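Once you've had a glance at the structure underneath, I'll fire off some questions.
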């Protein structure tokens, strides 16, 4: 298994079938540097334009439609000492009449202290002078090329992944994406130093990163929506509006998973989910919202 | 401060302005026994009909419209050794085309072991033979009479509370409800031995309980939606469909709370929420869905 | 069949089980005067408070839960020469970011010319100087008491009717409401001189009216949602959020109607609806939205 | 102005930036033959695969991002004597619990009588023996390439048009589409002999067509969503889920149009829309739903 150091020279604002920038074997390790959501790199230079410019695509040998691409997120290291956010809640996350009272969506700078593993506002407003948050790296946007020759803006998400902005997509997480084209064509970017649920100011703390991850093809692992796993839990991801529909997609995918991999029929899966399921909210700012359906491993029967 | 032992002789299927069954002073402690969602009591006798028959209402002296009723949930003890659930996911939580494949919504029995503090299926299907869940008591439905002489079924929820089915409403939680009528008129019932997020089989483990709680009037504490607090966090609750709107209500209420009680302006509150907010899903089965907006206390500035 | 002249002395802001203000036999004719949405009567005196104060309830002899109450709207005559509207689109009908640009929700006066059967702004803004609209009377809010002892604000709607704000509820329309309590307990008010689809400024041209209508009990006519009929079409009404769900309710009710009364099985009903159904939008301003599902009579097979 | 006879040799399942199949001058007339939603042509031969294979793209000289492409639908003539539909309502248009009772989604054949201008089922089920519907041609799916290099499946819709399935898109209608790429890149296909609102069986009467239309570039006519016009009315189109959001998009676009082209400020536009707006429902089957916002020309002030 090789390790590739991938240095992109241009970036993409869609996930789609584009000429591959790197070709790897299944199981290879990749180290790459991402720029932030607006295209600023580690030197603070604007090298690309938004939304969410992506590294990629990476062609994974052997990946064919119907397979699953396993993405292991191994390490994420910020590559500059600042990030930025918007200074107001997004209009769509408050009651419509209250939108009139929201402040301007100015940009604010945050300081990232890699040694201390913390993040804080450069110029904190009254009341937040002492707010020091933990560095919690996550990938905001990643995915594979969708089917049919479609290409989706990196400002939204779908079955193929995309701008899901889920806090759980950090080091230690493994994600499976449904392969729709030969080579899978994997893209990633838009990483955050920290982010609350929903990305409700329209940003996390946006910054540049060095990321290490592994891509592996799993044959004949059919699924419709992204699946994931970490040390404690397995989870599925639905992307749609309204949140109700994202929840339906994620729950339906989890039901399929419990049936095919854990040997539970629909009654057993219903009993399990009914009493132990957890939902977590990804992006609620974009055209498609993200809902995560999660089951802790300690409740699962043995696989197979 | 007195302690009342409240033994109801009839139950209510709505939260509304009804003759009070008990009158207490602000700050009094109440101990009562609830029956389950279908009206079965601790002896397994059916003493009332569904949906969610409520104890109450309790008139709290001094509570006037515009006040807030503080509810401290102190203790919840199951009063019988069994509970029940439905054996299929609800139709509205899976993709519409998949509804055709769901099993019948039969009732299943669960065994509650109070000494071991566990819950398990009486006749577990294949794969769940070893599933033993912790006893996690919670109140499914509680609230106060709404404004205008309205009366809402205990199968739904609104500004006044109701069937929110949020796991966080267990011992150790404090909840504030906006008072709309003199005496507040507090109702409660529909308690669960455990429940996953969303109540996606349409039930938690439904059983009868003895509950101890305190009701206190707080004057001039204006809010629109329920607020809550536990050892780690403060939270707000929005009840509506779709989930997007429930999220808007909860987020708007949290924004108000951060402004009035924590001295944050809208920019500061946006910065805080944007990077630390957590959303949790209550009921997604009823006419109104429930979304909880949460902020851990460690991130909050001092009050006042 | 008697004719009743019903002169209310007080009004209701909820539809619920309240002492009846008038008792009639099935098939009786009623003539009554309604006040406007804010409680102004035909003299311009404020005699009640909003939202949407209702005349009623009218107890219809013989009506029992499970029956249907047939409401024939025969005549609607405005009783004063002015009405009023709000001067801005509601915040929830534009894109969230655009809410910031909406004007204030001031009140504007409209002149009603009964002889000419027209409606126009008293002080038209630039560009609307020549706008003269037809008088198109309709009842904004009417319904029966809901089940279970529930009582719903006249600012919303449900299975029992309520604030549906559908333009089709004018003279010549017949509506069936599902009876949930003995006597049905019929309420009405909130009439408009004209209104666009959706009531998207939050009002039609609100004014006082004299209305003549007939109430008839139909036994054993089971339905869940309101049904209606006019010279050209039959229709069903769904009330819920989001509009998608209101559409599901209305479509499901129409499917039931086509099966039970027109002898179409689900395949035949699907063929018919698939190619001839029309949807019309009622209220999209209130907590519950209204969608109407309509089929022209010329496409229907003979009844029975 | 030239007339082009455009005979496609291959078809597209996405609207995106693809090599142009035809290049025309602004104002040129085009006559082309479309195949049906599943790829059957006028001979009943399957020449392409679904969803909704498109003719195109047509490159229109002079069209640049920020312009508007005016599409005049002049004539639509079915080219074969049969069409087909699905025999069941779609799962997403009925109440979730009722999905269990829906029939299979079989295909049914309809006979198109061009001389009589009628459409009827080949094998009508009981009750529909005498159902003869008018031929009402419409284009189900058409649009231009979206921005950013995106490409959207012809099973959905967005700002650039797509599978909107609006009955109003027939002969006599003029539609404006926002140009996002040089040449606009216009696609069309998926024509229907008739269709009810919403395309609630997932199809209209799907068949092949000959279509005559004109494409004209209008410079500096900025809009976000499709706009249209027919003899009686102007209208705007919003595509999104839920319907509430589609309605917001369409209403916001109409507000912009009334301001920029008809000289109405937001108060005047609110007054006008509030009392005369009509909403019509396009597709409610696809990932994105379609809502049309309509104003009759007789209520509009002179343009200027």
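Residue numbering begins at 1 within each chain, and the chains themselves are lettered A, B, C and D in the order written.
In this text, a contact is a pair of C-beta atoms (placed from the backbone, for glycine too) under 8 Å apart; a residue touches a chain by one contact, two chains touch by 3 or more.
Source: prediction; values computed, not measured.
Of all the chains, the one whose CA centre sits at the greatest distance from that of subunit A is C.
Comparing the chain pairs B-C and C-D, the larger number of C-beta pairs in contact belongs to C-D. Subunit C and subunit D have centres, each the mean of its CA atoms, that are 32 Å apart.
Note: centroid distance subunit B to subunit C, computed from Cα atoms, is 34 Å. Within subunit A, the positions touching two or more other chains are listed as 92, 96, 102, 241-242. If each chain is drawn as a node and touching chains are joined, the picture has every node linked to every other. Those residues of subunit A that touch subunit D in the complex are listed here as 12-14, 16, 148-153, 240-242, 245, 287. Subunit A makes touch with subunit C in their complex at residues 90-92, 96-97, 99-100, 102, 242. Looking at the complex, you find that subunit A touches subunit B at residues 85-89, 92-96, 98, 101-103, 108, 119, 121, 124-128, 130-131, 133, 194-201, 203-205, 241-244, 247-249, 251-252, 255, 262-281, 284, 289, 299, 301.
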